[in-house]
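Per-chain numbering from 1; labels A, B and C assigned in written order.
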């Protein structure tokens, strides 16, 4: 590692600056290794579509389209009423959002705008713990506490297994998700914006609601969309709390028992329908999966695009 | 202009009679060439250098020669491309997405941007000290040892560390705590550590990007003294927005300014490049004169 | 009220002018704004509801589950599942969950951290790389049960010679794919937090990109990556839906005497799967068992989460 000779006898040539070929080759190989790790994620996307597509299409060939319009979801009886599943998913997700949005956003606004650092240090870990509760545990809680003591208490006509309880359970499950994304977004609003509002004589309530909230709106909307997406994709809470039989009549009544797309899939997987009820039954699993995947993908792409568009303006 | 004695007095800048329109400077002890020596070795030969970031021109028409064992200063107001040009000299601009370099940049006669040149090797020979001291979050020893280690040095590392720290005028202050964290040092010490780290790989050139910008005046003075020491073994190119610093320490100075092009965006370029004495006492371009006499900037 | 003028020796009381009165009244304003306090109260209420839910949940689980644990003690942990609640234990669930975690660790961590390193350190802002980032974000939003289908078709069927079909290996690979996007995202954030000046310093002394990453970026980002990994693993521990599609068994099964490697290619279950299975049993005795199993699961999870938080606080360094 000699210092570069500057005497007139040995002139510097391009070859001196060419560096160590071995080192360069190693660098290239390492770069390729990391690139493949990143490329694996694209492979995963491809595999998901691949796994779903084949049998989903096969399902459509095995059944008559009119079966999709049936009045209920009884796969073993050849009744594949998708409306039932969509209605179930819709009801659970809507109730989940009704529960999760005020709780999540309220917690977010409080932690971001009002809470003292000490309070924040206590409550953030609590939110993180809530976020870490497995869905089966929340399912147990829903079935044993929420359903009997809350829903049946308020609505005497409700069954033990009902969609409303499931919706509430899912709502609690997604609250930490909405809260943390929204809170990050509001916390990131620069202090100068708040100071400008205070400087004009605005009080905290006005500042939080009319200045900070709108400034963070892209992140807040993203939080809500993530919440809906998670609610739609949630399986275990509903499976435990709304009945795991895998069948249901069409219903729009949350006090009834029902099925969502996800619970239909899990029931199909658990049952021995692969051997039993015929190929259409098993293939319906993939069809429902494809619909579910497409739906959540649309939501997530929309969410990302929304965030990017508003962020650019901000 | 008078040459002061051996002592390193704090340099002073005095404004003369407005009618005179020149700045008097007291220079330090080092001999300053007042003429271009016949056998001065050209380290960098820069011709029509232009740099654009993602298609937007940042700097253009830069031509100047950097000579061996001299301190060359790049001065001018903010945003006129001094740092951009400096970073071309050791291909640091390669690290910026969308940076494109045009023109010719020769280092000891070799085109730095021709195919086959390894920027890693370039950076070993042309070192850089940054505006904000950036020691690695490791021990003082490991900071210095990192460069030689990756360059394949197999000899006595303790020697290298001691030599580099001594050369950077830091050895006495840290010799008892080489294994402690480098980030615990003061700002001025950290910057000297960065210089020592740079020296440890035995470069040929040291580039300095506003090295004293985040330091207090005493630390600044120490770094300037260090530069006097180092220039006998290295070639130094320094970007500084402190005009007086350039006047104090550099042999040659390039004055940058920024012009507004038709598109409305600003492009930097070199207005004048000459011996420092000439720049500060007898500038050719009125823009240079305005800047060095403090009328703007 | 009069002002006091502090001029030298004597203190003279100067009566207020009318102007002073007016200014003071204006500055005082309305001290009690109802709306403000109401809002603050409402917001605090939402936080307390969240807290309350957690307390009630843990409470009910404790009420039902603690007696079982008291009664059965460690045998609860060491017996296998059974159709009879008095004989059922979580042993197979614990073993299965541990095996799943190890497989997730082996596959998801290198792939996830590696992808993050590429995206943050190597990738230029090109279309392809932006596509990669978007793709990872979309994958993070896919419902976990859909990953179960991937696991069923690809790992259990297509790669049957390697995985043995509906085995814990397939289950582990499926879970690895579920947590991979989240791992990439958290690792990316940890890498992004490393200040760029460190990288520049490394390049400045003539280091290659890998040398800069290996010697400076990764060590600095390690605490963040580590905690992100732990939290991701905790999430994997609680996942159930995808495993249901990849063979996790709900009922009793006997692994037989196949030895360790043979058992890996046999039937399996996990702790959350057992919880699901028991919670759907009509026999009310199983409710207490479910609660007890939940206690075991939550104990593990809370320990893991606490460890992550402690480690994060200890290693969080300020530059």
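As a working rule, a residue touches a chain if its C-beta (ideal position, glycine included) is under 8 Å from a C-beta of that chain, and two chains touch if they have at least 3 such contacts.
Note that the structure is predicted; figures quoted are calculated from it, not measured.
Q: What topology does the chain contact graph adopt: line, ring, star, complete, or other?
A: Basically all the chains touch each other, so complete.
Q: What chain sits nearest the middle when you go by CA atom centres?
A: C
Q: Can you identify which chains form the pair with the largest number of contacting C-beta pairs?
A: A-C
Q: Where the CA atoms of chain A average out and where those of chain C average out, how many Å apart are those spots?
A: So the centre of chain A lies 14 Å away from the centre of chain C.
Q: Could you tell me the distance, in whole angstrom, between the mean C-alpha positions of chain B and chain C?
A: 49
Q: Counting in whole Å, what is the centre-to-centre distance of chain A and chain B, each centre being its mean C-alpha position?
A: Computed value for the inter-centroid distance: 52 Å.
Q: Listing for chain A: what residues touch at least two other chains?
A: Residues 23.
Q: Among the residues of chain B, which ones contact at least 2 other chains?
A: 120-122, 125, 151, 201
Q: Can you list the residues of chain C that touch 2 or more other chains?
A: 208 - these are the residues of chain C that touch more than one other chain.
Q: Once bound in the complex, which stretches of chain A touch chain B?
A: Interface residues on chain A, with respect to chain B: 1-4, 6, 11-14, 16-20, 23-24.
Q: Could you please specify the touching residues of chain C with respect to chain B in the complex?
A: The contact residues of chain C facing chain B are 124-125, 195, 197-208, 211, 215-216, 220, 317, 319.
Q: For the complex, which residues does chain A have touching chain C?
A: Residues 23, 26-27, 30-31, 33-42, 44-45, 47-48, 50-52, 54-55, 102-103, 106-107, 109-111, 114, 123, 125-130, 132-141, 143-145, 172, 175-176, 179, 203-205, 208-209, 226, 229-230, 232-236, 239-240, 244, 262, 265-266, 269-270, 285-286, 289, 292-293, 296-297, 299-301, 303-304 of chain A touch chain C in their complex.
Q: Across the complex, what residues on chain B touch chain A?
A: Touching chain A: residues 41, 68, 107-112, 114, 116-118, 120-122, 125, 148, 151-153, 201-204 of chain B.
Q: For chain B, which residues count as touching chain C in their complex?
A: Per the touch definition, chain B meets chain C at residues 90, 92, 95, 97-98, 120-125, 127-130, 132, 134-137, 146-147, 150-151, 183, 194, 197-198, 200-201.
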